[in-house]
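We just call them A, B and C in the order they show up, numbering each chain from 1.
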Amino acid sequence: VRAARSFTLGELARALGAELAGDPSRVVRGVAPLEEAGPDDVSFLTNARYRSLAEKTRAAAVVAPADTTGLSTGVLRVASASTALVSLLELFFPTPPVVPGCHPTAVVAGEARVDSTAAVGPFAVVEGGAVVGARSRIGALAFIGAETVLGEDVVIHPRAVVGTHIVIGHRVIIHPGAVIGTDGFGFVFDGQAHRKIPQVGTVRIEDDVEIGANTAVARATMGETVIRRGTKIDNLVQVAHNCHVGEHVILAGQTGIAGSCRIGDFAMLGGQVGVTDHTTIAPGTLLWAQSGVGGDIPTGGPWGGTPARPAAETRRIWAASARLPELLRRMRALERRVAELESRRAG
Amino acid sequence: VRAARSFTLGELARALGAELAGDPSRVVRGVAPLEEAGPDDVSFLTNARYRSLAEKTRAAAVVAPADTTGLSTGVLRVASASTALVSLLELFFPTPPVVPGCHPTAVVAGEARVDSTAAVGPFAVVEGGAVVGARSRIGALAFIGAETVLGEDVVIHPRAVVGTHIVIGHRVIIHPGAVIGTDGFGFVFDGQAHRKIPQVGTVRIEDDVEIGANTAVARATMGETVIRRGTKIDNLVQVAHNCHVGEHVILAGQTGIAGSCRIGDFAMLGGQVGVTDHTTIAPGTLLWAQSGVGGDIPTGGPWGGTPARPAAETRRIWAASARLPELLRRMRALERRVAELESRRAG
Amino acid sequence: VRAARSFTLGELARALGAELAGDPSRVVRGVAPLEEAGPDDVSFLTNARYRSLAEKTRAAAVVAPADTTGLSTGVLRVASASTALVSLLELFFPTPPVVPGCHPTAVVAGEARVDSTAAVGPFAVVEGGAVVGARSRIGALAFIGAETVLGEDVVIHPRAVVGTHIVIGHRVIIHPGAVIGTDGFGFVFDGQAHRKIPQVGTVRIEDDVEIGANTAVARATMGETVIRRGTKIDNLVQVAHNCHVGEHVILAGQTGIAGSCRIGDFAMLGGQVGVTDHTTIAPGTLLWAQSGVGGDIPTGGPWGGTPARPAAETRRIWAASARLPELLRRMRALERRVAELESRRAG
């Protein structure tokens, strides 16, 4: 993917608030990792581990921490190279402006209110009573259900589904295939069959949330499933009915949260984590990938394993498990030795 | 989400077959859990654990088991509060009637037969030879393949895909993004490459089955993949080719069943369970979330863990595992003590 | 599903390069497994375990290994019954030819180049700059993003999404609901919130790759996510940004590969496997279902468990784990016996 424009190092220094060591008139046309960058690229040193690559890079300049010295390339010194990298990519690859208007093939109900600065793509469906805020984009083949409200600067990617009566905040991004507001999975067994509990609640997604491809967020049975501001959810994740996911939470790919869980702010759940229903996870908890959480996690910090335990404990158990076959052998040897001692004593 | 209408407690008592303690003319306008209900709501006590909440609720009345006494609110006494809750929600939130007809943007093949009481949404595609039964709804952007037959009162939610030559019973619900009848994952390695085995079988889904968002049910290689009546499948589940899932089975979110498995009637599989191919699971088996089933489960009841074992056994192993580091220490101590005894004896 | 045509056994023998024992004029009309085949069917013996079924089958003939004798049916002797089965199914169920042309409802940008022999289905969207090669099929409701290039004989099933700037080789098959080129899941925490790293890379998929229903393949942050030729990916799989998946790899259902992994050629990952980011897996590695890979796998062969270890080791640990409760009891008994010996010695 080609960058939208080129910059001089001087322009970049100003835009990033960086201190430039190097030729401010030198032109760069792209961004690339240290080992792949060419003389037309600017690169970045976001991890001290890669210092040696920075010494060998062909890049015109490197965005690097403020205390970086000794590089033969230009250096753009910044307080945080990681956040500067975000800005750098935004400069070279700006989001194209919204081209307002509804594609002629879109089906937008008369009673829907689509802001005049918003865009609706081909074959998108916006049902009655839905509201689409300023500068929001509804991708091709997407579905926005009746009475659903989208904030401003929302991006609904092609083929996402947002059901009826959902509330979506500002700057929310929903990727292709995600389904927001599918029915919660709730049944009552009446002795003969599972009877469906009507799922009459809704979903509320706050500002700055991102939801990955083919992820499913179920509506509440009654009340609401909530995803609070700043939370980022990866692909193929399941968030079940009546969950409350806190602020700035990370849910990595294929993680599943069963019904009525509470996930504390700033928690980070690795990939393929499972959390049983009605579980509370403390703010700031870090769950290893594939953890299985079967009960509340009362304090933050790293946890892991199935059943999930504080990570240090799980690490000890896993290490000891590897020695289990040896332990069995040692046990047998010891039993023989004790029997020998006992028989001599008896003898 | 607002209720469709209001009821008097007398009307509710009649509709639910409940014995009312309280004012039959009192009007209620919604349903809410005990702690959230206001004076215009009816609430429910479906779990004795929440008895104390029922004593404090602001609800006008509580649907509760027949032997419930001592509440200051109205009480609607019923044989089963859980099944009454289903009826209660159905009363307040009735499914809107189908508005028959095909949306003008839908592409329905001339040779398809869509019942005159059925509805087909915008941008839905119904291919040739497909049959859509009475009062069935095909959501926006859904795809119904050639020769596929849907029964009566079926709900295909927006953007679901039902492939070609599939048979779907009555009252089946398929949620957004679900794919029924994708190719089975079958290949023959010819020494150089994996050659695709044409997947020429089909899928048969019986009455009253519900299939969650973004779930995939593969067609059989030959013959049919079968989901029997009353079974409920959650979101992001994988059912592979040639599986036979029994009656009234529950498959929770993100569970995966590999090819040619047999899942017995009334089995309940927790979230993220994995079942290896050609496995038979006994009727009534209950599998804990994240279980990994590597062989047949011959008897019902609770099983758990990876590899899956009877739950009591897995519980003991997990408890003992937590003591493994301690066990290693005790082993070392014991070895020292035995060596000491041996050396004294030798000495 | 009915076969497209019938064959005589003589015709089949010629088409398969088989040696026929039986009546070359006998007509067969379908293919079925041994126990289900009727007198109009040809069946197959691809696994010696099923020899006894072959002796009882009602099939007109059986495709079987070259050294097969003693069957009462006709026998079509071949070098490999498995690969002959693929050919057999292709004969009876040939892929229908592409009917070239764009459905009148498809939205194909003026600047897209769709080969005159390709087909584009109803409500498909092909954006500007996209290229669709000869004899490729774009299913109904599918989305092909701007500047994306598809090779020849590609099959994009209904409702798949291929994002912008993607490169897809020849004979690639992408199943319904799959999303190729969604954003990588990359954020920088700036002390207050997770800032999105613009995902400006792409995805390259080589020839003969197959990608399952509702699978997600993320685009690279910079550079490209690569899936090399001949690789087969099942349903609901996650391949994260910047992964390089080798040639002829198998990824079974619900497996997840985190960012920047390298999966070696001919590796086979079972269902629900998780691989942590920046991991290298050796060519030819076989990972058991549900394995959790937390570090590089330096040599091929079977691995399993969480954390993943060589399979033999994991098998020993699992066997020993089952004896853990017993081990605890034996430890307590032994401690008592040693204490007894010690007290006698002291006494």
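Operating definition for what follows: a residue touches a chain if its C-beta (ideal position, glycine included) is under 8 Å from a C-beta of that chain, and two chains touch if they have at least 3 such contacts.
Predicted model only: the values in this text are computed from it and were never measured.
*Asks:* According to the touch definition, list the chains common to the neighbour sets of subunit A and subunit B.
*Replies:* Neighbours common to subunit A and subunit B are C.
*Asks:* Shared interface numbers for subunit B and subunit C above half of all numbers used, same, or below, different?
*Replies:* Homomeric contact, different residues on each side for the most part.
*Asks:* Measure off the straight-line distance from the CA centroid of subunit B to the CA centroid of subunit C, and report it in whole Å.
*Replies:* Distance between chain centres: 26 Å.
*Asks:* For subunit B, write out the residues touching at least two other chains, lowest number first.
*Replies:* 105, 123, 141, 159, 177, 214, 236, 254, 272, 306, 321, 324, 327, 331, 334, 338, 341 - these are the residues of subunit B that touch more than one other chain.
*Asks:* Taking the complex as given, what residues does subunit C use to touch subunit A?
*Replies:* Its residues touching subunit A are 105, 107, 123, 125, 141, 143, 145, 159, 161, 163, 165, 177, 179, 182-183, 185, 187-188, 190, 193-198, 200-202, 214-216, 218, 222-223, 236, 238, 240, 254, 256, 258, 272, 274, 276, 292, 294, 306-307, 309, 313, 316-317, 319-321, 323-324, 327, 330-331, 334, 337-338, 341, 344.
*Asks:* List the residues on subunit C that touch subunit B in their complex, please.
*Replies:* 1, 3, 31-33, 36, 80, 82-83, 85-86, 89-90, 92-93, 103, 105, 121-123, 140-141, 157-159, 173, 175-177, 208, 210, 212-214, 230, 232, 234-236, 248, 250, 252-254, 270-272, 289-290, 306, 318, 321-322, 324-325, 327-328, 331, 334-335, 338, 341-342, 345
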